[in-house]
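The two complexes that follow have chain A in common; it is paired with chain B in the first and with chain C in the second.
Let's turn to the complex of A and B:
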């Protein structure tokens, strides 16, 4: 009969009430420590007994990591702010609605109530071989089970695969990249601020992580500058189910036009590679062009250049092409009289 | 029909035989060849899911009928109306020259009712079909599965306080049948439902031999048993009244919580229960009918002396096999640039005999339709074929449908035409809607996209987009779950 696996291995639980204490604990325990935010990523790993950390540092008691603050140039979102708070926050909805839209499309209402923005951008990949405990490259082994002749890879990467073909599952990450957000980290050497797109890494840099955090590091906040406040935004997420699903792919764009010409634009997709991709070539190609279907189509084709499909994910190439197109030239509303 | 059942590592299940039987009933082919093969594979173990065989058979045939109708220029409802079963419809192979047949089928009426309520003709005629990147399509499907068994026991006690206590052995799945079927007994006795109690839960509560809560049989099987027990109680009430008040038992009627002779003497059920205890023997459970099951006998023995105890086996005749039927209608909206589609509307029109509890029935019809919709829109079970290992272990990976995947105002309707082969007229409803939920969605998608985009289920954004891109089906029909 089935083996009951939903029992976590024992660990020491620490619940610090300040960032300083959390950092001290993380430094003390190094790679033995596991950072717990909302728990949506962590508990699958722990209950499946695939990750067995000796120490868990629970950030839920640290008030200073919560909430949205206005700054001299934009806003700062504490890493432990829930996705529900992000999706409903009046300033985010008014000025940075791209992020509110993305946050609202994450998983389900219950998960958004518990899940945090910091967790959403720092979560691990959902490759089902890796999550199932298969000893793959990402898990320290020497094979990718998804990239085999019979591997089940419908949800895997079409771009920048390097031994591992897993993708980043975050919905808020591309929105934050499009908004030119900065991620604030606490490291052993002090505070470090990085551009959103530099927070994420592919297997060519480190095959075991999706982001730059090292043991002992903590993501404390995300800053959004006012550069793109009130710009024209487009976010679309394609998923199998209408709720409680990771993206097959998503796209986020922020655009400023004048006389219907694209003056400034930032655009990113996720679900295509191990990191959310900022499409710089597309941004350069469409800048100065009219915002119309021809520009959208040109951008879509450019975006998928170099894409390599696996056995079951070739659909991601037209999907990415069309999503990029729509993120630039929009999509026609269809209303039928019932 | 050639069915290969990939059964995992253990013994064969009955899905392949069931698929042939159900298809032969639902489409009434004049000639049909069926073959079934079960193969054992080095993959995770599995067992039957709701509407085993019926689901697969109907979901294979429905798109073929839909395609045929399109090629012939015949309306989808009309072609199904021509081919669907009616009355004592035959099914399955002839054994010694004789074929089995259904107790009844009013599926044509269900199709007509559904087409009218769904405004089928208006939806088919609506133009344009495409606006921008969105295309709409409508689909209809027939559906049926087994709907009832016979031969179980009913048991009730009329107490000296005048209450009627139904002993219910039904396992409560949340469908309310554990309670509802006994309304048939209350009706026979003419006792208001407020004066009835239902005892249920486990066998320490002295429950009768009852069908298992599965196979869509409970409403049929246990309304019959409840009816039989109530008829037995009624007979005893008449005998007690005749003994105490004179006359012949058949001169007495039961109603308004009394046993009475027209224009003459009467007694309350409470008084009759006291007399039953005084009389003992067959009246208060100290003796028990010989034909009831041993489990029922034990329960009767435990209840003996508490009032008028009536136990009876369902010995009612039945000519034919019991099935329930559903006509399912769906409209979808597909975005051809992303492959993403939404189910815009859904209606299930049910032929399930007499309606016992409308809200519970509606819950069953739409709930099981949703289970079928899950098979259309992506519920899946993925294993790596090289290693034979499951990879879709968690709900976010095997994707059962959510409430937001079905339309907000899904509709249902039921004919409420009694089945002539059971005293209460009610048939079971659990599994019959499942295949229609799945196939109506698949047919609506084909109506929107054409017949050459997919030949499989589930159909997801990737199925649609990769095939639209290539102009032909790109996912192998037998590689259902990827």
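Let's turn to the complex of A and C:
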């Protein structure tokens, strides 16, 4: 990728101090506007001059979007709360540690200091053909460069690919799905609350976006109900190096057991498809079973059913199988009998 | 909806917008109300800082190393560019310009950030600290800088300002880290000389110096 040693193309910068003002600006400028949260996804696009918005709306001055509040049933995290704040927050660490663990594993300390939870779940895919400005399906073209015999697709999808084989890069997304979080959106029609798993969409629904936000919409907060507070959590992220990298794959699970039998469970993986996948079939299959290696193995095999590898990412199938197994039976049990 | 009081500050409306057309606009379109209210609001505090900036204003005041610095910054300009090319603070290095290498690390309100990935206009009203601002006025080095000299931690040292700023920021949250914890704390910085072991030794020494100086 060409690195242009130049400043970003000129844009007008607006720094509204309320969500209402931000929405007015977005409405006013329509498709010319770009929403800036932490900026770490945005600046790549702008510096490479692949996206050239005329107007950037910076949300960092909006106080109502920051901070963690306790509610009658759980907590509400403002979308502009930084990942460092999420990872260090005492209540999140105490009750929803799954999310704290996920946030702590994002990128590097400086990026966590700046990057926001709203941005982390709303960031675009890292497929380098797409980010390099190639006219692929996702960019409005009619080819997928990654899914060709010579395409470099080691990091790409093994499940639910539909023309585009890009994956969602978020670490906090599967944790939020496992915690049954709700996303609060502010749209033109007013406030809308959706389940975490419904915030994300695959190329079968819209090939140009990873989430349901329409131009002009804002993600304002993420609510975590107390349903899974203090449950047994498992989060694991696999990446090429231990800092900065996006996940090759990650897994998040929340589980409640009694007498070592799995009573309730939610489990999600990311890095396998264009959207973080909640593994509902796995949840149904392991509920009521003993929490042991056999259950984990069965779950792992079930999780990868239907997976189709590309030229260079077949390793993701055993990786996902093992991660799901570990998430269910624990690391100490995670050696394969075969 | 637009705040009524906004209309009292309408002296600042550009001449091109006649009163009559403006009122017509208000009547025909709710959008006009919202956009006009934004225009008028330009003279009220933004980000808690009193400033007379309109939407197109580029001349801003930054708090850098304890000094108020007036600077003409483009809206798309990054803090690293402003520090280096407008304010002459070239101790902040630009390595990757992509939030990957950490050479441009500075503290904003005591928290380490990649200055290559922060817009200059977003740090108005906040305290920026660069490597130039670490030493005392009398030239006494910051304890972490002294630790680097004591242990001769770096080879080419291009990455050093970033490492030192990341360390100073990390030590504010964890003044007594283990070697492993400090390694984690500065893991957002890269060294192409691959001198990590010596860097870590020197920064551990710096942390020790800092604890000692705080005690004394």
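Please note the rule applied: the second predicted complex is superposed on the first by the 326 of 338 C-alpha atoms of A that agree within 3 Å, B and C clash if a C-alpha of one lies under 4 Å from a C-alpha of the other, contacts with A are read in each partner's own complex, and residues count from 1 in each chain.
Here, a contact is a pair of C-beta atoms (placed from the backbone, for glycine too) under 8 Å apart; a residue touches a chain by one contact, two chains touch by 3 or more.
Fair warning: this is a prediction, and the values are worked out from it, not measured in the lab.
Student: Quick one: classify A:8 as touching chain B (first), chain C (second), both or neither.
Tutor: second
Student: Based on the superposed arrangement, let me know which partner A:313 touches: chain B (first), chain C (second), both, or neither?
Tutor: first
Student: What is the contact status of A:135 with respect to chain B (first) and chain C (second): first, second, both, or neither?
Tutor: neither
Student: Is A:113 in contact with chain B, with chain C, with both, or with neither (first, second, both, neither)?
Tutor: second
Student: For A:244, is the partner it touches chain B (first), chain C (second), both, or none of the two (neither)?
Tutor: both
Student: For A:44, decide between first (touching chain B), second (touching chain C), both and neither.
Tutor: both
Student: Report for A:28: first if it touches chain B alone, second if chain C alone, otherwise both or neither.
Tutor: In the superposition, A:28 touches chain C alone.
Student: Do chain B and chain C touch any of the same residues on chain A, and if so, which?
Tutor: Residues 44, 108, 242-244 of chain A touch both chain B and chain C.
Student: Okay, in this complex, where on chain A does chain B touch?
Tutor: 44, 108, 126, 128-129, 132, 145, 148, 150-152, 154, 236, 238, 240-246, 248, 312-316, 318-319, 322-323, 325-326, 331-337
Student: Under the touch definition given earlier, write down the residues of chain C that touch chain A in their complex.
Tutor: 31, 34-35, 37-38, 41, 46-47, 55-56, 74-78, 81, 96-100, 102, 105, 111-114, 117-119, 121-122, 166, 170, 184-188
Student: Sort out for me which residues of chain B touch chain A in the complex.
Tutor: Within the complex, chain B touches chain A at residues 126, 131-134, 136, 333, 337-340, 342, 377-378, 382-387, 389-397, 399, 401-402, 404-405, 460-462, 465-466, 468-469, 474, 482.
Student: Name, in rising order, each residue of chain A that touches chain C in their complex.
Tutor: 3, 5, 7-17, 21, 24-25, 27-28, 36, 39-40, 43-44, 46-47, 56, 58, 60-61, 84, 107-111, 113-114, 242-244
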